[in-house]
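Order as written gives the chain letters A, B, C, D, E and F; numbering starts at 1 within each chain.
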Amino acid sequence: MKVTVSRKAHFNAAHRLFNPAWSADKNEEVFGKCNNPEFHGHNYELIVSVKGEIDSRTGYVMDMKVLKDLIKDTIEDRFDHKNLNTQTEEFKSLNPTAENIAVVIFDLLRPHLNETLDLKITLYETPRNYVEYEG
Amino acid sequence: MKVTVSRKAHFNAAHRLFNPAWSADKNEEVFGKCNNPEFHGHNYELIVSVKGEIDSRTGYVMDMKVLKDLIKDTIEDRFDHKNLNTQTEEFKSLNPTAENIAVVIFDLLRPHLNETLDLKITLYETPRNYVEYEG
Amino acid sequence: MKVTVSRKAHFNAAHRLFNPAWSADKNEEVFGKCNNPEFHGHNYELIVSVKGEIDSRTGYVMDMKVLKDLIKDTIEDRFDHKNLNTQTEEFKSLNPTAENIAVVIFDLLRPHLNETLDLKITLYETPRNYVEYEG
Amino acid sequence: MKVTVSRKAHFNAAHRLFNPAWSADKNEEVFGKCNNPEFHGHNYELIVSVKGEIDSRTGYVMDMKVLKDLIKDTIEDRFDHKNLNTQTEEFKSLNPTAENIAVVIFDLLRPHLNETLDLKITLYETPRNYVEYEG
Amino acid sequence: MKVTVSRKAHFNAAHRLFNPAWSADKNEEVFGKCNNPEFHGHNYELIVSVKGEIDSRTGYVMDMKVLKDLIKDTIEDRFDHKNLNTQTEEFKSLNPTAENIAVVIFDLLRPHLNETLDLKITLYETPRNYVEYEG
Amino acid sequence: MKVTVSRKAHFNAAHRLFNPAWSADKNEEVFGKCNNPEFHGHNYELIVSVKGEIDSRTGYVMDMKVLKDLIKDTIEDRFDHKNLNTQTEEFKSLNPTAENIAVVIFDLLRPHLNETLDLKITLYETPRNYVEYEG
């Protein structure tokens, strides 16, 4: 009897998209205005979903307060009000597209969760664009 | 050619979280302010999703008016403006966590739907916390 | 050059509507299922709006972090996960309708704000019902 | 390492639901006010989701600008501000239920996407009714 | 001590914009695709706001159930699933722009409300376009 | 018979808050993490509201397509995917707080609108923080 529990969080960050192996022209061609060397930014809306059995003693799959605190300590404190390209280890050499950010968030959270639990990340870059990753 | 159709509904209810097998201290430790013996409450937003083949005569998987009425008769009339702990049979001895409420709603709706249809319940306890259950 | 700045917050609470000067029948007639003596509850979404001149040194009408903390200390800590009727001083003898809750929140916040600032409270009782109060 | 990327779009259209093989009475009985011969309409909110591997050079599963333009050229320009029953080839002889519209949108977009990509359509007919189709 | 109470409602309708005093070309020039003679449609989201004194016996400015029923009887039953141009008296000779629909709704509701109450109409034609009218 | 028409738009930008007349410590004390010298960013949601008489020939206060294009040409093209501090004339020496951005947008749009029309700017910096300015 597996149930999925989800918690919404958010962080604001600056980023630019580019591939250091490419010329400026090629970057401009591929990434357009997202390649602005002076950066732009987003309000990232994050949904962390955890699937597992209900614990019959608590009625919880996982305590949402624990999940909320885990997201704050592991993700929000790391990325909120940061420049992803210049101020985070994770994107020093990885292009901070929504896809890559979702994978990084998954990899950061996965070790903190019991192995019996499934994890899924949903990340809104804008209200009209979002990505999902399940490992 | 299976399609999933979903209908949103809602109900407002009071509840508290606790485990009668535990001491007051243990309940306080595990459930925190959700354990308030005088209750608190939520606007529960419910999404009922039904997956099945499109009927070629109607173009429907299921008539949404029928689904809307089924949700009203089976779920809203039972739980809306109620105290889940003291005024419902379902949670007399079951902790009314979002997880358990979703399972109860699934079990209440399942017998009313054709066996060829799949059912999924999504329940928002708050705009930032929600659960999903597919049986 | 006055600008209005607004901050959203929320709290979950239980309540019932009734008038102790009336009979049970009269209360039932007027308040219907909102009169349930076992309580029901809501996710209250609160918007606090403050209007004033922009401070040319900060570019702020008011620091949103200060406003956020003020709402938490003055309103959320007082009402979140509480039974408004039985566990708050404010509604011991005042019917906790959305209208009255908005006025109470206004009166609680007003003394903490500079006299040159205008205050407005918007309170969503459900996603479809809300009230506004400007003093 | 597959990720799903989603893009929201919308279009406004008029339609009516009916089955030409049925009598007017039968259509009225089955489709109710959705059978109004003078039409009614909706703001259709469309989410197009594409699942695939991240391209390590771009960090993209698919360029969202390309997806946005594809939706505009293939779906919005075809259906926006149209009468689905009388002004589109697709629904000349197919009942424009949300289910059938989702399948038609899937079939229109599928040939434009690389075979290695999975496609999913989510279509909101109203804020409370929506359908999903994955082929 | 005046408070504003608001109730959200919605209806789906077809319409077209045109001025019968103008040529087809002039209508096409001014109204563009909104002039489509085969109609298009919208999910209209309606907010009805009523401002007045709190009744100290009830704690209400106005009973929201009464307001909800008034909107249903006076507005939803009249316009929902209708073709505004061909099936309503109000828009037989009045262009059904969002502006005009808001004024018509105001004029339909005004006589049903106590003179001491202020009325305001907010009407969303799409999630990105809306109008407000206060008489 | 004045009606207010509103149009939503959005742009993504990077910014930092600081006062060049202050020391780094003072800036850190006042603006906290918003003072990050490497910038952070937001999805700014913008609502432009215009109030005026309905033109009886069109049923419009103002053509929403004209307003949409005006916002795109005057605001979105100027600020979207830009670093407000380093890449815009307007914020070279003005702190890009939400308050100041709203005033700048007002001042940029005001000359393009007929004098008989009132203008109001609403700007969401995050889903929980927003400002309003009416001149």
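We adopt the following convention: a residue touches a chain if its C-beta (ideal position, glycine included) is under 8 Å from a C-beta of that chain, and two chains touch if they have at least 3 such contacts.
Predicted model, so just to flag it, every value in this text is computed and none were measured.
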(request) Treat touching chains as neighbours and tell me the shortest step distance from chain C to chain E. (result) 1
(request) Enumerate, in label order, the chains that touch chain B and chain C alike. (result) none
(request) Pick out whichever of the two, A-D or D-E, is joined by more C-beta pairs in contact. (result) D-E
(request) Would you mind pulling out the distance in Å between where the CA atoms of chain C average out and where those of chain F do? (result) 29
(request) Measure off the straight-line distance from the CA centroid of chain D to the CA centroid of chain F, and report it in whole Å. (result) 34
(request) Identify all positions of chain F at which a residue touches two or more other chains, and write them in rising order. (result) 127
(request) Return all touching chain pairs. (result) A-B, A-D, A-F, B-C, B-D, C-E, C-F, D-E, E-F
(message) Can you tell me which positions in chain E touch chain F when the two form their complex?
(response) 17, 19, 21, 30-32, 94-100, 102-103, 127-133
(request) Using the touch definition up top, name the residues of chain E that touch chain C in the complex. (result) 1-9, 49, 54, 57-61, 63-65
(request) Using the touch rule from the top, collect the residues of chain C that touch chain B in their complex. (result) 10, 12-15, 33-34, 36, 38-43, 45, 80-83, 86-87, 126-127
